[in-house]
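Some structures are shown below for you to check.
You will see two complexes here that share chain A, one where it goes with chain B and one where it goes with chain C.
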Partner chain A sequence: MSDIEETDGSEGAEVASGPVAPHRVIGTPPPAPRLLGGGTEPAAAGSESAVSSESAGGVAVADHDEELRQPTEAEIQRGNRAEKVVVACFVIAFLAGCGFIAAYIGLPVGLDRLGPGGSTLDAALRSNLALGTSLSVALLALGLGALLWVRLLMPEVEIVEERHELQSAPADRAAFAETFKQGAGYSQFVKRPLVRRSLILGTLPLVAAPLVLLRDMGPLPGTSLRHTVWSPGRRLLVYGTNTPITPADFSAPGSMITIVPEGYEDDPDALVKAGVILIKFRPGELDIPVRTQGSTLVGTMNWTVDNIVAYSKICTHIGCPVALYEQTTHHILCPCHQSTFDASTGATVIFGPAARPLPQLPMTVNTDGYLVAKSDFTQPVGPSFWERG
Partner chain B sequence: MSDNFEVPKALTGTGAWLDDRFHGARGVRVLMRKVFPDHWSFMLGEIALWSFVILLLTGTFLSLFFVPSMNDVVYHGSYVKLDGIKMSEAYQSTLNISFDVRGGLLMRQIHHWAADLFMASLIIHMLRVFFTGAYRKPREINWLIGIGLFTLGLLEGLFGYSLPDDQLSGAGLRILEGVLQGIPIVGTYLAFFLFGGGFPGNVIVPRLYILHVFLIPGILLALITAHLFIMFHQKHTQMPAKGNTEKNVVGAPFFPYFLAKGGAWFFFIFAALVLLATFAEINPLWLYGPYTPLAISSASQPDFYMGLLEGSLRIMPAWEINGFGHTLTLSVLIPALLPLGLVLGGAAAWPFFEQWATGDKAFHNINDRPRNAPVRTATGMATITFYGVMWAEGANDVIADKLQIPLYTITWIARVMIFVGPAIAFFVTKRICLGLQRKDNETLLHGYESGIIRQLPNGEYIEVHRPVNEEARAVLEAKRPTALMPGSGSEDENGIPAPSSKGLLGKARVRANRAFAETVVLESDGHGHGNGHEEIEAGDEHPVGAGQLPAGDAAEEDTGSRGL
Partner chain C sequence: MSWINARRRRPVAGYAALVLGLVVVGLLYGAFTRSSGSAQASSPPASQSDINTGKDLFDATCSSCHGLDAQGTSQGPSLIGAGAAAVNFQVSTGRMPAKEVGAENERKPPVFNAQQIAELGDYVASLGGGPTVPDAQQVATSGANTALGEQLFSANCAQCHGFAGAGGALTYGKDAPPLTEASPTQIYEAMLTGPEAMPVFGDGSINPSAKRDIIAYIVATRKEPNPGGFSLGRTGPVTEGLVVFLGGMGFLVIIAMWITYKRRDPRPQGTE
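On to the complex of A and B.
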């Protein structure tokens, strides 16, 4: 493998009789030096020819049009050594494969097999480690064995194959056209256009049928995207504990909690639209400007209670829960795509891809002092959709 | 293994039995002698193929245990930290695969790693094909099939990691639903039909499951088969080398060389995936918990191949058009459709655009060296830059956290770089390509610097150059520059303007052709082609043969010429 210099020595020697400069290879180096000396000689006759030589293995080439040569003693020695390495690889693969089966049988996982109190996580990871290690060693050894087999034992063979023209001969093309025309003529397809057109007509409904069949995959959206389960008087429950909350319970300014509607604490389909965040401000910090909604001006400061404001938790960009709140700046951040809303000014967008403020939930307290919704959201929550308007 | 051994009766008998029935001796012999050119970059596509095989194997195993159902259950299984938690059967069965099925965790992790490797190797393989021009006639269809495979692979991966119904996959599905909703006119209907109503509903997992395990793999398998058969039929391209021509294919025969090497490669890839699955944890979904609509973790990242989409959503400013009672949510639609559409659509159109611009309708079986097609290479690098900026932006929160750079700053940098980066990459790459061509010409003309300093009788020191050997010369001379089209306004001898150069499209074509034709001309003796092109300033250039002693030739000649 190091005899690049040898093969090039004839050229280099003429240049300088002194030290031979390192030879540079442009592009891809040729596969391997060929001891037989023959380069690739495309055969003039026949579709393929072959030039072969020995690499390290002591194996004579066995192809009818390839030159045979008796391997030298050194080559036989090298081949025998290589054989041992290859065999060792395959034996290792066998042993590792046996190890895999042994690990499968010997290492239990799961509560059923380990019994109560067993560390199932450790067992799973231990089993994974043993199975994975043995399997990868087996596969690695098989791959290495096969590779060394090719590289060290098989003779270096390079053959040249002629590429055939991909396009057909003109005569074949003409014959094809003729045959096609003949068949088309027999079919009367051109001559009788009514047959052709009625056939197309006949298939049209069946082309549409699969689409029609998909209709029952789901209900029509209707106005469901415009509404949530919030309704007048529905209590706000703290997410997690599912307990109602009074303004006094939530008196620490700067904090944010997640709220779910009473009666739907466990309903993902409802929560995915009705999730709410509750934020408490210091007096004077919360200032929601009057905004136009449709054609009317809406002031929403009276939707807040005691400097507590409720916004939809569903990002108006693409629907992730806005989960991060920075007390000092009053910024609400959506972790998915970093839309940022200013909670103190009505959750207006200050950065990111969301185009609309988080809708505000009209809120009040009921006679028991608990926070309740005044009504549903007055505009659709969550990501925009075509019919939103 | 010697030349005179007996093939066992069992084999010869079986062979004869089969040949009696199928007449295969001649055909199979041809198959055994089928030539496969050897080059390291030709193994990249094979990685994708073997990854796919491993995906089928491990996926079949997983399907024996996975329950594609969103019915609620209360977990009392082996992972005690989630004991008593309400979850879907899909999530429960995934926990069971991980903790109760021996080898289940390993298979799950191999499956996930194999999916990532499949997509990664597809990308690298496509880049190889692009940069070497291997998509050129007659291989355009296979290029298109490849793009189809990549697109389907994206969907297959997305659907696959959505199946376990954990917190992360639920967040991904929510984004999918949001994108669907944003589509004009039909969007909400599509979303409601796919999810069987509002999100999340209780049908999406079984629906994605059948797409993931049956429909998409079936199409993938069919396309991969077609891809391989077309490659087989058209014969593989080869790199420029001595003895390689457009009309031949040089390499080792299928049997036994490619068979053994391909088999070894399969084992190596499988081993690499098992090693990853053993030592590099992937998608530890027991830590995420089951999907709940109001929870999310920060730094949620999709698998790497969805990073482009994630980044494009993050980079987008808040654009939305409201009017006539409808909403066009550009801040969702543009990032969801445009970047991927540009990259994949552009890739699909490229072979035809290149043919149009170069007027090259010839068959190409010898690949280009990337430097010899500067516009193509520069376009590829610009695309990589575009993709890379989007991809990095998809992890902007992680970058912000690790590098302590403000989040919005990163997004603003990305918003600028998405336009500037590709332009810079294009320009720089093109200059590098032309520079490398110049270097090649220099090597062809003067040979290599040998590092040997000799003193001439008059006392002058010179460096001896070695001539280029035949192998290297074959590579260096493989450049096939684009032919110049007649320019706009040019006329033939009768005063008729060239038809191709007329009109806006014709002018654009001539301009594109000029760009493609830019190359560094090899000039050995300084007399020009007489085509009216700017010529190389052939000041001190002269060929150097063995033994010739150029005078201090390290000086760079200015070869900044354009033309054919």
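On to the complex of A and C.
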């Protein structure tokens, strides 16, 4: 018995009156580990042997005695009071459960059941609140009732349950092996190889079938990951209002706006790759070095117009939209994983998990003065993929 | 220490430590959330006397950082061309006069009244023009297209201010403020002038009508009910997860401790 408070002064009375009651610190395992081995080894070790002078079997005997002891009058009284509390918990659980059913039937959600003029949001609010409250009260009351039952009514003794060995008896195992051999002989599985091999042949197509089913997972992406819908001369439109924009419209330094390609304003499939942010700098702030990837040009000041630069809005980490632009620091921050790009130097990565700068969209002005794309992005937008290299 | 040593093994000590931990976390959370007042401003017509009064106010309270002629110093930027809208936004939200020089200023109760703010704005506008304070018509939310406002807000504002305008984190410790207390005029001015780290959303890219739609959307989100129950500031899954983790898990830990807690038998053993 692991009595940690052996020397605690406040327990002097108990120590004096007899063996110390088994006291366990919350969370520690019970001090009776003789589940296997039939009690031949004393459970107590080292310093504890002084307290448990009896053999290990003594604990079980003491528990057994306690189990047999008749409850005192005060304990019976306490038990009767506890019984009422437990019953009250279960009655509350019953009422709350009935309330759950009533709320489910009585509080409709959905326009078809609310009738004209009903607010689906308000209805959902009422329904959620009633269903959640009643269900949680019911479950909590059930659990609390069961707990109080165990703690207040059941005897507080530790009962050791012996566990038999997991291994079967040798005779059983021998009998099984014998039966198995006999069955194999009767089936002639070994004797007739033609049957055996044709069975294996029969199952082969079904084993291979899942591999064939995989081909319906869609066509391979091909080169679609490398291109967006941007093309030479395609105008830049302000997302939402779908209006074309001129450098004069975008003249205030520190401006930022989300841009979509003309002709694909409402095409979500195209926009997930073609989204662009447009940023206006003060003269002298923007300094994009000429950057190449192999023989491909991927960033240059020649692609900007009047200190306006266009970057892909798709993060090169895992494709979140990056529009968190700070005009004071020129940082573009991806809110998903805090990749930070410096917009003034070609959206180079200055922090976070992104591996590459945001691709820059080559941009120019058409004869009407509107901002248009010079070409598609010269490198794939968005997250890395296997064949990208 | 001996007092703690004598008691730390008691059953109650576990609960006490848990409660203490929860209280500490709660206090920390309280310390990091903020509260602030609200402000409103109007724009009476400018006159030379207003400009002169504004200059007096400026010289007394702003010139130490922005310079005697608002030309800017090492402590504060030039305000020439900043416009009355920027002045109205900064002063009516209490961000200016600033408590200290830095990249960010917190919203706080304004120091000046509406009249004084207008005079300051008139003075700064007289130095070099700039965006003007929008009139009531420009920020009226009735009849605005909240659906378009939502579209524009999601694409351009939600990254920093959150989908419900509850604010969010920026780089290097800065943060975007919640939009829950900003007046329509202040939201309009913020878009027009781009205060602090916020980019400018000029009339060329987001026209005045679209600005009105965005404002209408922001105002409309404030009135939306929360069908999920407690909104927890509408800042999203992080706060919700934190509350579930600390509150829910803490509750479960207490219950688990209570289940395994063995009552000490008051009867002496072996005396039957």
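Methods note: the second predicted complex is superposed on the first by the 226 of 389 C-alpha atoms of A that agree within 3 Å, B and C clash if a C-alpha of one lies under 4 Å from a C-alpha of the other, contacts with A are read in each partner's own complex, and residues count from 1 in each chain.
By our rule, a contact is a pair of C-beta atoms (placed from the backbone, for glycine too) under 8 Å apart; a residue touches a chain by one contact, two chains touch by 3 or more.
Quantities reported herein were computed from a predicted structural model and do not represent experimental measurements.
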First (chain B), second (chain C), both or neither touched by A:Ser384: first
Contacts of A:Gly110 with chain B and chain C, given as first, second, both or neither: first
A:Thr329 touches, of chain B and chain C: first, second, both or neither? second
In the superposition, chain B vs chain C on chain A residues touched: B
Partner chain in contact with A:Ala248 - chain B first, chain C second, else both or neither: second
Which superposed partner A:Lys84 touches (first chain B, second chain C, both, neither): neither
Chain B versus chain C as contact partner of A:Tyr239, first or second or both or neither: both
Which superposed partner A:Lys273 touches (first chain B, second chain C, both, neither): first
Shared chain A contacts, counted only where both chain B and chain C touch the same residue: 8, 14, 18-19, 21, 23-27, 62, 121, 124-125, 128-129, 132, 147, 239, 258, 321, 323-324, 335, 338, 351
Chain C - residues contacting chain A, complex: 6, 9, 11, 14, 103, 148, 151-152, 155-156, 159-160, 168, 170-172, 174, 194, 196-202, 204-207, 210, 224-229, 257-265, 268-272
In the complex, chain A residues that touch chain C: 4-5, 8, 14, 17-21, 23-27, 62, 65, 69, 121-122, 124-125, 128-129, 132, 147, 151, 156, 238-241, 243, 245-246, 248-258, 278-280, 321-329, 331, 333, 335, 338, 340, 351
Touching residues (chain side chain A, partner chain B) in the complex: 8, 11-12, 14-16, 18-19, 21-28, 30-31, 39-42, 48, 59-62, 68, 104, 107-112, 114, 120-121, 123-125, 127-129, 131-133, 135-137, 139-140, 142-147, 149-150, 153-154, 157-163, 166, 214-215, 217-221, 224-225, 239, 258, 260, 266, 268-269, 271-273, 275, 313, 317-321, 323-324, 335-339, 349, 351-356, 382-389
